[in-house]
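Listed after this line are the structures, all set down as structure tokens.
Presented sequentially are two complexes of subunit A, the first with subunit B as partner and the second with subunit C.
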Partner chain A sequence: MQKKKLSQRLFIDRLVKGVVCVLAALTAVPLIAIIGEVLWKGYDQLSWSFFTEPTPTAYKAMMATAAGEPIPGGIANGIVGTVIMLGMAVVIAVPIGILCGVYLAEHSKSRFAKTVSYLTDLLQGTPSVIIGIITYIWVVVPMKGYSAIAGSVALFIMMLPLIVRSTEETMKILPASLKEAGLALGGNNARVILKVQLPAAFGGIFTGVLLAVSRVIGETAPLMFTALGCSMIRFSIDKPISAVPLLIWEFFNDPNLQSLIWGASLFLLLFVLFLNLTAKKIANKWNS
Partner chain B sequence: MELINPILEFKKVCVSYTKQTMAVKYVSAQIEQNSITAIMGPSGCGKSTLLRAVNLMHNLYPNIHVDGEILLNGADILTMEPIDVRRKVGMVFQRPTPFPTMSIYDNVLAGFTLNGIRLSKNEREETVESCLRSVSLWDEVKDVLNKKGTFLSGGQQQRLCIARALALKPDILLMDEPTSALDPIATKHIEELLLQLKNDVTILIVTHNMGQAKRISSRSMFMYLGELIEYDDTQKMFSDPSDERTKAYLTGKMG
Partner chain C sequence: MNDKIFRTILYLAACLMPVVCGGIVYALVTDAFEAFNHFGFLNFLTSSEWSYTDGTERYGALPFITGTLLTTLLALVFCIPFSLPVALFVGEYFKGTRIAEVLSTITSLLAGIPSIIYGLWGFYTLRPIVMSLNISPQGSGILTASLVLAIMIVPYAASLSAEFVKMVPDDLKEGAYSLGATRAEMVRKVIFPVAGSGIFSSYILAIGRALGETMTVTMLIGNTNQMPGSITETGNSMASIIANQFGEADGLRLSSLIAIGLVLFLITAIINLIGKYLIKRARIV
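Take a look at the complex of A and B:
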């Protein structure tokens, strides 16, 4: 009697474990399928010129396809635009985000900080298309034109809450003894934060910034309202500019360019993967 | 006990975490210069709380209130700026707290960095060497000064923290159970070190280790439930305590 009960219990235990394992494996399937598909279709297109030349015109692409040649040109205009806009967004978002995160961690009990913290959460959940249209009203309309500046403002708004949050969380898990030890040596609050706490939190904050970048690098909707796109390689920040995710959308809409989608997707995917792996590596190193 | 020339004096010091509960109740005592004074007592008796009042650590936590007077060389530190007080009153914590991102060298100099004091290269080298020598750590670490402070063993880290506190030449060194996280050999090193250091600095040490208090301190306080029960020469207290509660604690019947 006792024995039968035990075997039943063990069976149920194994059954549950089996189901959970299968479900866990299923969650990995989409990612593997996506990477597989994009690699399969995009691998051919990757060449040096794909990264150094701008998008071809539809006419050139059509002629090349008709002659049975690979489509010339690449996504250099998109890469340059993405780098410029992300760069500007990072330069503004990192200092503001870190300062805000430090404040929220230091004064976590004040009502003001709680409110800001809550609003940060809401901002993080705001649909990117809404951030796009708002940036259009705030920046594109007054500047009388689409521009890299407008695009970077949209990306900045999207990155900010991610950096604030990661800074706040990292600062909060630092041991209180670290701060006390710094203050016990006679340092003022600002110096202790700057010289002791922030350096100790650097790994976590840097990881947060990388994840924020990888999170917004693929954003398309806000850039449609702000950066618009451009078929030339352009370095000026007050003119419309391209971005890799915008190019993917443009390629999709132009039958002659459709085969370029996969190369651009592969580039974006690998870049995000690289950022994520780097972030993970830094986080591990910092935690040990 | 009345001392002729106390460096530190507690006058009716009370510390409360909430309005109802007082962790330290009306403690009055005088601390002799260049001596080691031990604060003993069972867990939760308020000994660490009393110690942390001396360098205004309680100011970090707005709900904690400190009343009374704590006179350092005659001036009430409770009315002074924390950063001024903490420069004169060093502190070593229960667990070693070397700053994890700083090298051993920079850890010794952290007090200057945090106070915004710039030293010339010569001054820095001299300070690092003399401070590490004074905690008998120089010979062990002189070739690895650029390694992180956390690279050292627990006992070495604690000595590094003492060196870091000494670098600012404090009047008083507060120690909150500095050896409770260390093994017996590291503990012995620290105790020997404290006996040397008392020539230069007044040491106030919280310990739950009666043997330690007996070995190193010249005077001892016994605290119980937030009150200072007895304060006397260590020898006298251990051989002939005047209060029953002290006796019960020292003989292991309480605590």
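Take a look at the complex of A and C:
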């Protein structure tokens, strides 16, 4: 091997460190650029009526634009739809996901649990558009129509593996002495899990649920074939319903409504970032 | 609570996972059968025609498979020069410091941004830049889609590889230093060989993410159904053709779209399982 001078080697060392720092710092640029753009273009659209009124029709928006006024209306239909579908999905996915996660943590050596664990990975990696297709085949076709139920089934399938994983991982890192102490006090297995282990794991599981919600709240593709969208504020769960990301997609495709994109995106982005930061904070608090 | 009942409840909850996964495969296969039966399995995968004029319907998946593979590979190429430095920054150079924590928070926030917002940003900010650089006249295309895709997968690749960089034992590093190596030499001769398989597997998982990404690609790839001639041209990925046409399709076209979905599902499943397997193996070493 060719011998290099010490000064040369030291220079390369410093150069590598510099390049690493610069390139690593550059990854912050897209985050700042995206938040900046959405904030800059969207902040003046956020008003009380933006959150309380449904989306205007294309005609109304066109008339307002022609008259030089800001487009009336807001994204209330999307917010209501997102809350309804996400609510139903959370209510079903959280208990089932926790139970499944507990099972995996309890029986981590059994063959069946290993298979289930692999399938959880498989489901977690499944592209969201395929979850959309599946829910269409499972729910929309038999019910003969798009509905909020179908949308929440899609969100449920997407959330389930995330909650299972976070529950399993949190349960596994709990000290074994915790369980032993519970059993020594005479509690049976079920009692120890429900009264000792799950409360102790609450922080980790809660973080997992928050992250799962923040992952699926911005999902658009699975809702396009299941919830479809609707321009009215609707509370019935067997009819098509809107959602915030669906509205962004609608605004993107309709030139008349394009100026509403940024307000809706800002709302969604802030909500998702808030959930993420909260989850991180809770996780840190729980770990220390 | 009765222990036996509780055990049964846990077991039933765990059984849901095989039921859902089995149901996914079953539904995709039965609904894709019509298309495979009509065109033949291999013919469907290798035909590059996509026309839905009544009577002479011909559907082939090749342009979309190409689109998906091209965008994913390009995204990977663009992602490595940024995710690797982030991994070294967080896992080695500034390990355990506040600034490393800030950077990993930034990357995790990047991972949280919904894909539709990435799409908007790509469409309204990146596309004009691509246009003004005279790379392609309409701005959207495979290149633009993969650039944004690269930003989206950086967090996944970076956070996982950082974990493996962190796990390199200190005594190995100290051994290299005691022999007179500089830090850069230590990174090349100790960290890369030791953490290499872990870093590699985190890129496999990042590929798994990029393969199925839907909205961003749909908004940026240009949505044309021909074979893309070069990376600056427009095209369609498997996910984006489904997102574009699923709502209006029926009959043979619907079945063909579901068949594409099945192929996409299988590809991502295989990539993800390989990635997870490699990660498990890398953790043991």
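The rule we apply is simple: the second predicted complex is superposed on the first by the 275 of 288 C-alpha atoms of A that agree within 3 Å, B and C clash if a C-alpha of one lies under 4 Å from a C-alpha of the other, contacts with A are read in each partner's own complex, and residues count from 1 in each chain.
Quick note on the criterion: contacts are C-beta pairs under 8 Å (C-beta built on N, C-alpha and C of every residue); 3 or more make two chains touch, one makes a residue touch a chain.
If you're wondering where the values come from, they're calculated on a predicted model, not measured in any experiment.
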Contacts for A:V38 in the overlay, against subunit B (first) and subunit C (second): which applies, first, second, both or neither? second
Tell me the contact category for A:P127 with respect to subunit B and subunit C: first, second, both or neither. second
Now for A:S177: first (subunit B), second (subunit C), both, or neither, which partner does it touch? first
After lining up the shared chain so the two structures overlap, which partner does A:A58 touch, if you call subunit B first and subunit C second: first, second, both or neither? neither
Just to be sure I read the superposition right, which of the two partners does A:M143 touch: subunit B = first, subunit C = second, or both, or neither? neither
Please work out whether A:F202 is in contact with subunit B alone, subunit C alone, both, or neither, and reply first, second, both or neither. first
Answer with first, second, both or neither: which of subunit B and subunit C does A:L185 touch in the superposed model? first
Could you look at A:I157 and tell me whether it touches subunit B, subunit C, both or neither (first, second, both, neither)? second
By residue count, which of the two partners contacts subunit A more extensively, subunit B or subunit C? C
Where subunit A meets both subunit C and subunit B, residue numbers: 188, 191
Which residues of subunit A touch subunit C once you look at their complex with the stated criterion? 9-10, 12-13, 15-17, 19-28, 30-31, 33-34, 37-38, 96, 99-100, 102-104, 106, 112-113, 115-116, 118-123, 125-130, 132-134, 136-138, 157, 160-161, 164, 188-191, 193-194, 214-215, 217-221, 224-225, 245, 248-249, 252, 261, 265, 268-269, 272-273, 275-277, 280
Interfacial residue positions of subunit A with respect to subunit B in the complex: 177-188, 191-192, 195-196, 199-200, 202
Hey, which residues of subunit B end up touching subunit A in the complex? 55, 57, 60, 82-84, 86-87, 90-91, 93, 95, 97, 99-102, 110-111, 113-116, 161, 164-165, 168
In the complex with subunit A, residue positions of subunit C that touch it: 1-3, 5-7, 9-11, 13-14, 16-18, 20-21, 23-24, 27-28, 31, 81-83, 85-86, 88-90, 93, 103, 105-110, 112-121, 123-125, 151, 154, 158, 182-185, 187, 208-209, 211-215, 219, 239, 242-243, 246-247, 257-258, 261, 264-265, 268-269, 271-273, 276
